[in-house]
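Pasting a structure here, questions to come.
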C-alpha cells in the first residue's frame, strides 16, 4: 500500500526503491474504482490523503534521482526525464547550444507538427528552452551542439 | 557569474532566486564562444568546472521547486515542468486516469504525429506513462480523468 | 530533502491505524481495500484520517492520544536523565502527531481552561523536544546506533538522528579521502 | 538537498581565486572572461581549478595551502577550548578544500615520509572536524547566530550549522502550532 | 487491389489478422461496439509505444458501419461482416468474455435488433465458459435484482410511469400481488403471466404495435452479469463519462462490477422525461435522464425520432449532448452545446 | 491568383511584408544567403513560441533559387528579385550590418558573380554606418592581415602553391622583396604591382584565361571585417559545422569575430589538395581542406567541375561531404557518406 511505499522510500537513503509495476497496478486499480464509485466527503478525504502520499513518493524518489541515484521501478522512465532535463539545462547554461535570449536552435528528428507547422527530419527550428525540453523527451528534436 | 548564481541559490533557502534572462545570456554567450574557439585540455577543464556548477544550479533550484517553492527566473518554465510531472504522477498513482499496466488513456488536443501516426483533436491514444508526461508538456494530449 | 521527508512522515501518519472508541453505529464504509463497520460501544482500529473525521462527527473517539498529564510525566523522565543521551525515554512513533491531535482538540474547545492547558502543553512539549533533540544529537555524535535506543525515538526524531549522523559521517568522510 | 548543497559548495570552491607563485612564464590564456598572463617569479591569483592544473604542469605553486604543522596548531587551539562552542577558531572558508589539496599533494609524492605525513594529517583533521562539528551543533542548539562566530566557520560547517538549526527550529515549530 | 467480398464473412480470423498485422492504429466510428473491439485489439498488440484510435484520420486498419452492414479493412483487404457486431469477431477467452459480450450487446441493444446467427453461435461457444442463454423477459438482470429494480431500469421496452420511477414500479407490483423485493424466480407461472400482461398493457399505451411476445428475447448471462444490463450501463456511461469506462472494462473486465453498481445507483434515484421538441437540426428532450443515447432508444420505440438526428438533453443551464451525437466533437462525456458551435458543425 | 512579376523587383518592402505577415515558418533552399536572410526575419518576428525553417515542407513564405533568378513567395504574392541576394533585401540597421553583408557576400562569392546594381546601392546606403567600398585586390582582409596570411587564405583566385601554404607564401613574398608580415598598406605602388604580377602569373598556370584585372574587385569592409573573409568563413563553417554558426552570427553579430578568428586559425595550419576524380554521380577531392564548398569554388575557376554535381572530400577513413551538397540529408556539418546511402539518394 501507498504508505508502505513511502515508508520504504524513506528508509533507503541511497537507492530508489525498485517498486514493481504489479504492486502499483493493484493500488491504482483499487483507487480508480474508489474514485469512480464514490463522491462523498469521506471518500474525497481518503483520496486527498492518498494524493498527498503519492506526492511524497514522487518527491522522495525524484530528489534521489536529482542527486544522481539511478532511477528504478515502475516509474523509471518518468524519473529519468530529470536526467534529460539536467543535460539540456547544463548544455544551455554552458553555451553548448546555439542560442539567443533563451531560444535554442534545434534540428527536427522525425516528422512532427509543431505549432501547426508540419516539419520533416532535418528541418530547423528555433524554440524557447522549455519547449526544447518537452520536444527532446518526445524525441522530435535535438538541439544543435556547439561541440559534440 | 555562475559561481555567484550557485552561491546565491545556496544562501536563499525559501525561494528560487529570480535570475534574469540577461544575466544568463552574458554567461551563455561567453561560454558558447569559448567552446567554439578552443578545444584544448585547459579549456575543456574549465568547461567541465562550469558544467558542474550549472548542474548544481539545476539541482538546487529544482529541489526547491519539488519542495513546493514557486519557480522564478529565466528557467521558470523549465522548472515548472516538475509541477506538471507531479500532477500526472499523483493522478496516475491515485487512480485518476483510465489505465492498465502503466499505459494511460488520453485524448489528443491538437494535430500531432505520434509514432508516425497522424492524429486529429479528439482522437484517442493509449500511451505509457513517460510518453504521456512528455506529450502533456507539449500540450499534444490530455489524460482522460476518472473524476475531474 | 529534509522538507520532503518531514512531509512524508506526517503523511504516512495519516494512514497509520489508531485505536478508537466507537460512540455510534457506523458503516459499512468501503475504503477501496476493506469494508469497515463499527458498532457502538466497541473498541476498534481505523486509519488516523478516518479516526479524525469520525471524531469530528462524534461517531468515535480516538484513544491513542496523549493527555497533558502524560506529557508532564514524559518531561519529568527526560529531565531526570538530562545528561544521559542513551536514557531517552520510549515514546510511540507517532508521539508528536498525537500531541498535534491533542492541541487541535484543545483549540476547538475554546474555553479558558482549555486555553490554559494549551499554553501549558506548548511549554511542556517545547521542553521535551529540546531535551530529546539534544540527546539525539549526542547519540548521533557518539555514533550510537543501538536498535534499542533507536526504537525509543519517534519517526521525526529518527529522521533528525539520521540526518545528523549522515552529516557527521559525511563531513569527516568527504574530507578524509573520498 | 544536503548532498546537492555539499556538492555545490565544493564546486564553487573550484572557481574561487587562490594565490599562486608563478614558476614559469605562462599565457596569455583567454578564459572567456579575461585574458591571463603570468610572469615567472611573480605572485598572482587564479581560479582554483586553474591553479591545480598549473601546479600539475609545474608552472605555478598554490600558496593558499595548509601544512601539516598548521593543522597541528589548529587542533591544539580547538582542543584548548573544547568545551566553549563560541570559541571556534577562525578558519578560511575553503579550509577543508585546502586540506584536500594537501592530501592530494602528499599522495602523489608516494614516498614513505609522505605516507607517514598523510596518516598523521588524516588523524589530525579527523580530530579537528570532530571537535568543530560538536561545537557547531552546540552553537546551533544554543541558537547562537552571531555574525562573528559564523564568520569563523568554513563553507561546509556553515551548511551543517544551518541544517541543524533548521531542524531544531522546525522540529519545535512543526509541533507547537504550524 | 481491393478485395471486396460481397458475402458477409464474419470470422475470428479477422481479429488475428489485425493483431498480427502489427498495426498500432485503427480508424473507427464513434460507437461502443467498435470502441470495445478496438480496445480488445490494442490489448493484444505487442506495441509498447502506444496505440491509437482515430475517428477521422487515416490508419491501415479501418472499421466502418455502412447502411449495408459493417466492414473491416486491413491494409488492402476489406471484409464485409454484415450485421454482426465487431466485438463478436474477437477470439473467445475467459479474460475477454465480459468485454466481448458488452460490445455485442451494446450493438444489439443500440440497433434494436436480434442476435445474428453468427452471434448466437459465438454465444453457444461461450457456454462451456459459463455463459447461459434463455428466452426470457427483456428487463435488466431479472435473475439477481428485485423486480421493482429491474422494472425501473427497463429502457427498451420503456414502461410508461414505471421506468425511472421506483415508487410507481413498487406500486404496480403490489397491485398485481407481487412483493416489490421479489425476484422473477420467486414468482409462479401465473404471476409471471400477470406481470407480463401488466407491462405489455402499459407499453401499448405509447406504442400500440407492442405485444407480449416483444417482451421476450434471448437473454444472455455470464456470472452475475446480465448482458442487457451491461449494454445499458455502457451506453449510459459512454454518454455521461465517455470512452474511459469502456477502456477500463476491456482491460480489467471486473471493472464491469463497478460500472453496473454505479449504473444501478444512478437509476434507483429515478428520472423523469418531460417531453420532446424538434427543430430542423436536432431534438431537445426535457429530461432528468441525462443520457441522449438511452433517450433516443426510448423515443425510437414510439417512432418519434430519426436515428440520424442528434438528441440534446435540456438541463437547467442549457442543452447538453454526448460525443456519440456530435462526432466532430473533441470532448468526451456529456458537454454543453454551444449555440454557435452547433450552428457551425 | 499568382501575382508573378516578370521584372525583378528587389525591394526592402519584401522583408517587412514577410515580418508583418506574422509567419512563423519559411521554406528555403539550403544555402547560406537564404539561411541568413531567414534567421534575420526570425529575429524580428514577434512569435515567442518558435520559428521554423523547412527545406521540403510547406510554408506560407517560400524562398527559391531558380535558373532565372531568386524568388520570394509570400502567401499568394510572388516576387522575382533576379540575381540579388536575399540578404540584400533586409532593412539596414547597425545591428544587422554584419549578417546582411555576410549573406550578400556569401552569395556573391559562392556564385562567383559581381555585385548587382541593387546590392551596390545597398552598400552605398551603408556607408554612413561605417561600411567602406574600394576597388582593390581580391585577397582576404589585406587591410588588417599580414600579406602572407591573406595569400594563404585566397580561395578565389586560388593561387597554386601559395594558397594553403604559409611557407610558400612567405617565400614568394620574400622573392619579390616583400616582408612576409607587411600589410598591403606598407607597400609602395611598385611593390603592389610586382605582387599582383606574381599572383596573376601563378594563377595563370592553372587558369590561362586569368589576367591581372581579375585580381581586382569591389572590396567592402565594415570595421575590422572584410566581407570576402566573412564569406569564406561562413562557407567554410556551413560545410564543417552546419547552420549553427550562421544562426549565432545573425543573432549576436559580434560572433563573427569568433568565427573569423577560428577560420584564420584553421587556414594558418595550411592544407593540400591532391587532385580530383569524377564518377557519374560525384567528384572526389583528395584534400586536407575539408570544405566541399571551398573545393568546388577552387575547381570552378579551372573549369574542372559542374555546379550541380556534389563534391566529396576524401579523408583517411572515407568520403565526406556537407549538407549543402546532399540536401536530402537531415544532418548538419561534415558527415561521412555511406555508400549505400548515396547510391539511394
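So that you can tell them apart, the chains are marked A, B, C, D, E and F in the order they are listed, and the count of residues begins at 1 in each.
Going forward, a residue touches a chain if its C-beta (ideal position, glycine included) is under 8 Å from a C-beta of that chain, and two chains touch if they have at least 3 such contacts.
Given the structure is predicted, the values throughout are model-derived calculations rather than measurements.
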{"item": "Steps needed, at minimum, to go from chain B to chain E via contacts", "value": "1"}
{"item": "Proportion of interface numbers common to chain A and chain B (over half same, under half different)", "value": "same"}
{"item": "Maximum inter-chain contact count - chain pair", "value": "A-B"}
{"item": "Remotest chain, chain F as reference, centres from CA atoms", "value": "C"}
{"item": "Cα-centroid distance, chain B relative to chain F, in whole angstrom", "value": "39"}
{"item": "Inter-centroid spacing, chain F versus chain E (mean Cα positions, whole Å)", "value": "69"}
{"item": "Separation of chain A from chain B, taking each centre as the mean of its C-alpha atoms, in whole Å", "value": "8"}
{"item": "Inter-centroid spacing, chain F versus chain D (mean Cα positions, whole Å)", "value": "54"}
{"item": "Overlap residues in chain A, where contacts from two or more other chains coincide", "value": "2, 29-34, 36-37, 55, 57, 59, 63, 66-67, 98, 100, 128, 131, 146"}
{"item": "Set of chain E residues in contact with two or more other chains", "value": "245, 248, 252"}
{"item": "For chain D, residues that touch 2 or more chains besides their own", "value": "1, 3-4, 166"}
{"item": "Chain contact topology (line, ring, star, complete or other)", "value": "other"}
{"item": "Touching chain combinations (by label order)", "value": "A-B, A-C, A-D, A-E, A-F, B-C, B-D, B-E, B-F, C-D"}
{"item": "Interface residues, chain F side, partner chain B - complex", "value": "245, 248, 252, 255, 258-259, 261-262"}
{"item": "Of chain B, residues touching chain E in the complex", "value": "98, 100, 105, 107-109, 114-115, 117-128, 131, 144, 146"}
{"item": "Chain A-facing residues of chain D, complex", "value": "1, 3-4"}
{"item": "Chain B residues touching chain F - in the complex, by the definition given at the top", "value": "29, 32-33, 36-37"}
{"item": "Residues of chain B defined as touching chain A within the complex", "value": "2, 21, 24-25, 27-36, 39, 47, 50-51, 54-55, 57-59, 62-63, 66-67, 74-75, 77-78, 80-82, 85-86, 89-90, 92-102, 110-113, 116, 128-131, 133-135, 137-138, 146-147"}
